């Protein structure tokens, strides 16, 4: 199975691990990630203004390229997933944005939201299946108590992201179970880590990350997993509680016995 | 005149955000939800009523513009589908679209960075803070 | 050509402010067939109707057009007026120039122009009207009540007391409904069971009432006065005539793990069970999904233990077919599913419960025997938070757009009862608005605050955060203080929105009763006919029509009963004469019409016809006008154009089309 | 003809007595405006609408025809709206074939409780018809004044 793949800026640099482990695991699980050629940065945040067009075009280009290849578009970074999925929804459902974006791009065939945007975790859940993943695990992470940290970007707005129950998600918990570890459910797993605010308002971000890590360790988590480089940075940087944070792909690669290779 | 200016800006905010603040039933669930509540001078439920009442002069000067995380918790939980998070973002847009309204300048950046700062943080912050 | 009189109503200023009524009179007077035209302030008034009578007399009118409000409002009024004046009532047509014109248009020229066109269409139609005579149909003097809660019980009792037979069909094993699950009732704090049980007993003992519990309506046919209903009486596997209700079977049943529906899943019940001690009938049912005998073939303990020999594993569902003159829908409500509101952690903590679950917790016969305790660890709570409007007043797709109406009052009740019985427990209520209209209602709420010290905080809760120590952190707004507050609680109670019973859509479809987007049944008129469905012979009782509390439900139940009695008291009903009719010279007996008739009203007879001198026997469609409801499906299905609908004939409708497009 | 030469379409709306006509009444009592170009003809059920009526309307110069009935499953006569839906689907594609654009005909379900939907539907339909302009197909010139 071949998929178009959008890594995003951070995965080429500070979050190389997130990317490398994902590619290795994908290969082992029997699907191929074809990186979109000449992809451009998604912008990091979805442009909320209903009159913003230019800031959405890089996502549309990536989406259109996947469409032309007839492939689903796989994302990994929470922010890229959030931005691209929302722009895709605009292209599908908002006449004004679709019309103006296509006017800019002058594509041979106008793009109208045809591509399916799939997060790597959704691919594991819906295409491979967690039961199947469990069978492929060679080094189960038995005994590890892992808290899933979702953050906001994957879950909200749930009407568009349609990733999981925004208040009581379970995809990452099911993922953790498939790897043989024990998920730790804690209430702050869908609360914001502070996001971009950590650049200028460091105390504020720290405060928020403290709540998250304290809640997670209070419920017995030994470590956290995330899909987002920024969450990773904030949780590592700001939180006073010393709790290790991993990309979910790293644990996946470990359980699949690929960690050394990658 | 300041009143008409205020009204103009409120209209622009409604337009950019694509929201209807009149749908608000003043339940306060947005403010009850907001993780940045304590950092804000004007609170999420007030964004909505300010824009509904065409009284946004204080709002566009507010610190809250730079404290909202766009985490969308208020949008997700709002029982009336008002989307306070989009309203505050539209107010922020108004400010950064005006010359010199940026909350972040390039020369500030180096001292804010460390070895691990991900690109994503810079890109996001830049898009939020600056035109 | 008819001699038509046109009467244009001002409706005070409702019409006259936007439609130039004088102009309408002036223009319409020159329409073909119109021999009289005038306007008047209120045509529906006695004086207005008298004007019709005078014009009929003086101008020898044969047809009447009234330009006024909707025919759904006053068509009947003007038909009666015409009849009194000596004209066939079906020679009257209404041009709706209020709802369809003056009320929706602002420009007087535009509205006047449209009013003229609507009047013209009505005139064109009346020119082709023919006098019609209603038929008669019989009334079966028996009523059916669907639903055995307080609404259904009260309606049945009132009908039965008036001397008519009435059957209650209840889906669950016992009558009693939601009220039987409540602990206390507002605003007087009576024990719910103490006031409900006597009514249940009275209904069971009433000579005119038959109760079918564990039964569902399966099929409805017929029409007002003459419905035929199939009721599925599900197999209880207990012979009700033999069972003494001793309860030995339930004590011995080894399958004890099924969540109790009556206790909202908070406790368990056995596979053979009566839902609660005062159940009526006091005859258990066997839940085959839970019963070991049914699942594995082994066990059979209940049969062995039953001294009366009442247990019968071979019992089958039974279909009872009965005729009714009227049907009352009293199917009640349930609380909404809270899966989409998990910011309140209902699915994450057993100590977050709904108000209806709290009723069971507070009830002596409930899962905690009436002790207020946390369901997670059985500990006595010290801090309780109530959250109002959970799923009510929502315009998103998670909740309901309406106010559930009962929550403010029952929350005040719960808060008061807790503070009364456990004075050391602190109670906080997060509210958006406190809505307590009703006799002694606001006083009741104020007592909760002033006398019992319940802490009311204006603002909604954003998130309930379970803590590692088992407490619940409630993060909410205090809007008056402009603060976000964090309150540590031991229990959180959600005032969950109510919604009509899930089955009601299916029932409405069977009854062809209209239903709104929230699944409440629609009234015939929101203000003036609140207990009747627009479908004749169908009546509404209780929450099925809209959210209401017990006093309102009981009042409405009585009102529905009066309407039913009014119907059953008649020996005959006049039927709608606007029925289909086949032209025997055009009909070729092809059966197309009978295939689409929903009432089986069309049959075929070999008839001797005289077709322009050719006398022969042909197969001709015959419409039974007592069965025909006048939908017109057959008229369009007829390939030869033989079938037509009286009162809405092809020529009449085409003449309206012509008048509008002229 | 209006003086300012603005195109005012002729629109015929067939409404079933039980749901849509009542929905139109509710739109009226709720003062939910829609253009005066719409004229309503009351029929007992949407299944009473004979294709002949629609053809006649176009022949006589109508620019659009809309049929409103109860929601599927809610028909007062149980199944009438299903017949209407099937018949109209066929008729509309035939009309489209002979040049009466699909946008000029519509079937819409409006319940007695949906005053807002009735008004919204009519506003939308009139706007669409205005976009299409005057109907020239099927019009019988002898019917023109």
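Think of it as A, B, C and D in the order they're written, each chain with its own count starting at 1.
The rule we apply is simple: a contact is a pair of C-beta atoms (placed from the backbone, for glycine too) under 8 Å apart; a residue touches a chain by one contact, two chains touch by 3 or more.
Quick caveat, the model's predicted, so the values are computed rather than measured.
S.K.: Would you mind checking which pair of chains has the most C-beta pairs in contact?
M.R.: C-D
S.K.: For which chain is the distance between its Cα centroid and the global protein Cα centroid smallest?
M.R.: Central chain is C.
S.K.: Centroid from C-alpha atoms only, then distance chain B to chain D, rounded to Å. What do you get?
M.R.: The mean C-alpha positions of chain B and chain D differ by 45 Å.
S.K.: What whole-Å value do you get for the distance between chain A and chain B if each is reduced to the mean of its CA atoms?
M.R.: 25
S.K.: How big is the gap, in whole Å, between where the Cα atoms of chain C centre and where those of chain D centre?
M.R.: Here the centre of chain D sits 29 Å away from the centre of chain C.
S.K.: How many angstrom between the C-alpha centroids of chain C and chain A?
M.R.: 48
S.K.: Residues of chain B touching 2+ other chains?
M.R.: Chain B, residues with two or more chain partners: 73.
S.K.: Mind pulling the residue numbers of chain A that touch at least two other chains?
M.R.: Answer for chain A, listing residues that touch two or more other chains: 167.
S.K.: Two or more other chains touching the same residue: where does that happen in chain D?
M.R.: none
S.K.: Run through the chains and report each pair that touches.
M.R.: Per the contact definition above, the touching pairs are A-B, A-C, B-C, C-D.
S.K.: Across the complex, what residues on chain A touch chain C?
M.R.: 159, 165, 167-168, 185, 187-188, 215, 218-220
S.K.: Going by the contact rule at the top, pick out the chain C residues touching chain A in the complex.
M.R.: 339, 341-343, 345, 347-348, 397, 463, 465-468
S.K.: Which residues of chain C touch chain B once you look at their complex with the stated criterion?
M.R.: By the definition above, chain C touches chain B via 343, 389, 393-396, 398-399, 432, 458-463, 475-477, 479, 482, 484.
S.K.: Flag every residue of chain A that touches chain B in the complex, lowest number first.
M.R.: For this pair, the touching residues of chain A are 8-10, 13-15, 41, 43-45, 47-51, 55, 77, 79, 152, 155-158, 166-167, 191-192, 194-201, 204, 208, 228-230, 232-233, 236-237.
S.K.: Residue numbers of chain D touching chain C in their complex, please.
M.R.: On the chain D side, the touching residues are 10, 12, 17-19, 21-22, 24-25, 27-29, 31-34, 36, 39-45, 47-53, 56-57, 60-62, 70, 73-80, 83, 87, 111-114, 119, 143, 145.
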